[in-house]
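The structures come next, written out as structure tokens.
Common to both upcoming complexes is chain A, partnered first by chain B, then by chain C.
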Partner chain A sequence: MNLVITPTMIGQVVISGLLAGSLYALVALGLGLIFGIMRVLNVAHGPILMLGAYTTYWLFSTVELDPYLSLLVSMPLMFVLGVLLQKLFVRHVVDAPGLSSLLLTFGVAIAIVNIAQLAFTSNLRSVESLTGSFALGPFAFSKARVVACGFAVGITAAAFLFLQKTRLGKAMRAVSQNREIAQVCGINVQRIHMLAFGIASALAAAGGSLVAVMVAIQPGMGQVYTVKSFVVIVLGGVGHYPGALVGGLLLGLVEQLSSLFLTTQVNEAVAYIVLVLVLLLRPTGLFPGRSQ
Partner chain B sequence: MTRGFLAGLGVLLVALALYPAVATGYGLRVMLQLFMWIALAQSWNLISGLTGYVSFGHVAFFGMGAYTTGILIVKLGWVWGVAALAGGLTAAGLAFVIGWPCLRLKGPYFAISMLGLNEALRVLASYFEGLTGGGYGLSLPTLDASGPIYYAMGGVAVAVTALVHLIVTSRFGLRLMTIREDEVAAEAMGIATFRYKLYAFVLSAVGPGIVGGLSARDHGYIEPISVFPIVTTITMIVMVLVGGKGTIWGPVLGATLLFSFQELVWSHFISLHQLLFGAIMVAMVLAMPRGILGALRQRYGLPRTI
Partner chain C sequence: MTLTGRTLSAGLVAAALLLALAAPAAAQGPIRIGASLSLTGADAKLGQYQREGYEYCAAEVNESGGLLGRKVEFVVYDDQSAPATAVRLYEKLITEDKVDAVMGPYSPSVTETAANVTERYKKVMVSPLGSTTSIFRKGRKYVFMLVSPAEAYLEGLIDMAARRGLKTVAILNEDALFAKSAARGAADVARQKGLQVVFREAYPRGHTDFSAVLTKLKALNPDVIAAATDFDDAVAITRQMRELNVSPRMFGVTVGGDLPEFYSLLKQNAEYVYGATQWEASLPYPRQREFIEGYRKMSGREPVYHSAAGYAGCAIYLLAVRRAGGIDSDKVRDELLALSTRTAFGDYRVDQDGFQIAHKMAILQWQDGKKVAVWPDELANGKARFPTPPWGQR
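For the complex of A and B:
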């Protein structure tokens, strides 16, 4: 525990928080997309991130592919998996009472984790590619985190441009706003749902590939990200996509700030306390969206 | 309930009560675990089956009860029976604190909050080493109490099942089921939905709390990983889904079926456990969302009190 807190330390913590937060925002945007469009909370989002991380590890350890290039493999791969999940399973419970879709994706999540255990064992894996850090004045930036942040910002920006500018993106937002009316306007809702699930899973995979360089990879690593992404969505306001960005950065900051006073071991508990506090004090999120 | 059913139930209970007189140590332990699973599954059914609010972290109450009981026995020298009851109380208290913010909202907030709660508690249990022993765990004084724990565990299983029966046949139960079917309509009919959800949730935490305490006493040793495993929550959910969520006897049936299979067959394929559970969960949701008893009830027009 640190007893003396200097301005440099606070600066360092803010920087680390923003770097971590950009990744949270990237992953949470995917979860929020599915939730906004289908009202389905995909509990398997974190495990899909884990699969993305393993893809990167596997390509790195077999053909020594650069972890950042492996994004080009992990994202399309998980896109396909997401589309399949939607087509085979989730499609049947989109309009069922809330319980069904939660239980279904939960079942999928634990099955994925078990398959990963069988395929990759539970040993901790790591991708040692970009180590060391940049120094700038009194601050140090981990290289891996800076690069990851750059990619996260780039991919998130691309996703936003897609949602804002393209016809397909507009169709997705239309379905998110009102499914019946979107259908009447000639939008193929089933196709949009599959696409949304695919894009969301690709975003999770991107998050997984980027964290693969920084943290230990193991089959159980994903579940935390489901919870954290949900915290981010709640912070930003459900159905309010730009809110996810602010929510992600905020969560990163709060976690890092709390590490000044507590050990990083309690990080998970911090995210959880943030969730409970937001639900208690401001259940509509910091930036209330249109819906709920 | 028909007279024949009641008579059969009475005979079964008497037989179970006499069982320890003839049982081997192994047999007693197996039955004790079955009772534990019935109590856990039935408690999950109480909140998730009746109100439709799915709890992904019910093992948190089990762990809370285990730690309360363990700490009371080790640090304060309490008798284990009383300490386990205290475990039920602290679990209920925790449910109240968590349910207050998380049940006010409709939708998945509650489910995901419960998923996080378990992780958060496990981390906190490791963090507060002075009280919980941290990662080293907490060793309870040795004591052979399999017999009394058998009766206590069985008592909890019977009590929780009786409680669910009582609820399902009462106005309180009707309110909960109205919330499950259509919460907005329930509100429009003047049901204070938040209050009844919270009551159901707090009640559903008591059983796992006591059972967690009894289990801690039975094992004699607790550590964060052993009392907060997510697989326990998964097992509870699968048991209820198989038996029939929202029914009275579904969780008992599901727990008995799954536990027997687990002991006889699946214990040989331990590495496939979660994959099987995941597959069962997906299959039940898609093919038989009401479970075995629910499907039978619908088909043969059986009463709600099965």
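For the complex of A and C:
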């Protein structure tokens, strides 16, 4: 009994890859925003996602708030946390030499995870709200993942529109392109930095609230998203925000297809291999030329 | 009145007996048993349970007059779940504290390193929770195994499948030492029982999205899916099997399927799923009830398998000492090698390496929110619901 890979199977796996990829894009957009604007690689991005997931869990288990409605709580909450992190810590290392900012966010990440472990214990939690799947032709669609994808795409699109169309968004992009000139033009750079950190954390929180319905929640769940987000922004091109969407979907696809054609064991390695290859061959990302 | 009088006099007699027994025990000084346990660190919770098992064992034997007329006392240190620390602590227990005997630490990796020390000093060490086969296959003479090895976890599931005439099995495992051994064991048993292993795949630790591998399994449509898991992946696989409508006639996991959280997370999706367990409070073992009640009274909680293993490991050591008539390592070793018994933890008998060959894993199935032991027959307290119906009908 040999396994024959049929087009239907490939289709099923492509669907899974795109569904997972849309979440990667949502989360990576936040990481990319901070990196683009401050040149700070926020290792605490994943742990903030974890806090978002816990917010959803506690609201669900105590007052039975719908996990999707909990986005309205988790996103503002993490926005505030992001602003505070920027104001209290990250501000001091934005222009510091070398690895200072990386070390700082690394420390913040470890602190968040350990505090979560103390406060919530490492018992696994889950939000059992939308289970099962629906069929469309020969393909099965996980309800939770489809809805999460819908929200991810919606929130990502809203973030893009904000960056492209609003005055504030334009100011953010201006700071990202050239901080000095932006400052000379009268943009309050400190405020933009805080805002960017807040928005990025809110995006991570959205990711957390959405995955809360799909996977087990525990304090260590976030770190893997930091790494994946990093791969996504490298793929998409640093500072090139729409690239995050393409990069996210691409990573989702590559992961799933490699699991199908090779073995699930390579799943984790694939992200890193892609990272190394892109850095070696196309260090500006797959979509260079239009840094904004 | 007569009743009270009788109880009173019975109490007095018992008290007098206890005093009589306690007197020589105190005179000779206690038998001190040393152990290092994972009381903090990664395995803190489980190490605590094991310690309570040890303490209950000591309390029980002291209540009935002690061992060879002497009290039993545990000297326990915290190895912080770190193998290197355990080495230092066993060294200290044996050379500085000069304990009379030692018992095993918690995890397989700590046991592996601690056994080097106890072996060097020729101290018998019963290891209640060292479950890795290799610990006992290195020519060590003084270390004894209590639990079933990882390879045995899925044996029951495969045996049940074979007896029901199923033909094909797919095996998944987490890419970790324990899960790999369990998967290998399952594949071996499947071949012995004439089942065809149509698929084997490992996945990395902490993996959450199983859609690709489950898509492959759906296409292969095996009769049985056996998964060597940790807890969170067991939950994720079950959940995604439902989402992708992968519905084998039997589906079983190793670790995780036996925990109450498995059901509280998955609810009706856990129905019909098989899990494997070393010990369960409901199994019909001798003195099981006394152990559970006594343990509950002492610790204020229900015993888990780690508690029961700690208790039984200690009890078996004490039994061997009693038979040997003293704590001389070589004499106790001979008794442990020859011993064949059944405790509250199940059967005990080891081969010449001290490797456990009698203890049975039990297979549980979730039925209406309860764990029912369905294998082996002599331990079963219910019948397996077979075959597993399609997802919509669970």
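The criterion applied here is as follows: the second predicted complex is superposed on the first by the 279 of 292 C-alpha atoms of A that agree within 3 Å, B and C clash if a C-alpha of one lies under 4 Å from a C-alpha of the other, contacts with A are read in each partner's own complex, and residues count from 1 in each chain.
Definition applied: contacts are C-beta pairs under 8 Å (C-beta built on N, C-alpha and C of every residue); 3 or more make two chains touch, one makes a residue touch a chain.
Since the model is a prediction, treat every value here as computed from it, not as a measurement.
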Touched partner set for A:Ser100, first chain B, second chain C, both or neither: first
First, second, both or neither for A:Glu128, with chain B first and chain C second: second
Touched partner set for A:Leu280, first chain B, second chain C, both or neither: first
Which of chain B and chain C A:Thr263 touches, first, second, both or neither: both
More chain A residues in contact [chain B versus chain C]: B
First, second, both or neither for A:Glu180, with chain B first and chain C second: neither
Touching partner for A:Glu64 - first (chain B), second (chain C), both, neither: neither
A:Asn114 touches, of chain B and chain C: first, second, both or neither? first
Touching both chain C and chain B, counted on chain A across the two superposed complexes: 224, 263, 265, 267-268
In the complex, chain A residues that touch chain B: 35, 39, 41, 43, 89, 92-93, 96-100, 102-104, 106-115, 117-118, 223-224, 226-227, 230-231, 234, 262-263, 265-269, 271-273, 275-277, 279-280, 283, 292
Chain B residues touching chain A - in the complex, by the definition given at the top: 48, 52-54, 56, 98, 100-102, 104-105, 107-109, 111-113, 115-117, 119-120, 123-124, 126-127, 180, 230, 234, 237, 241, 271-275, 277-282, 285-286, 289
Chain C - residues contacting chain A, complex: 168, 175, 196, 198-199, 201-204, 206-213, 215-216, 219-220, 231-232, 235-236, 239-240, 242-245, 261, 265-267, 269, 391
Contacting residues of chain A [partner chain C, same complex]: 1, 3-6, 9, 12-13, 16, 20, 123-124, 126, 128, 131-133, 135, 140, 142-145, 214-216, 218, 220, 224, 255-257, 259-260, 263-265, 267-268
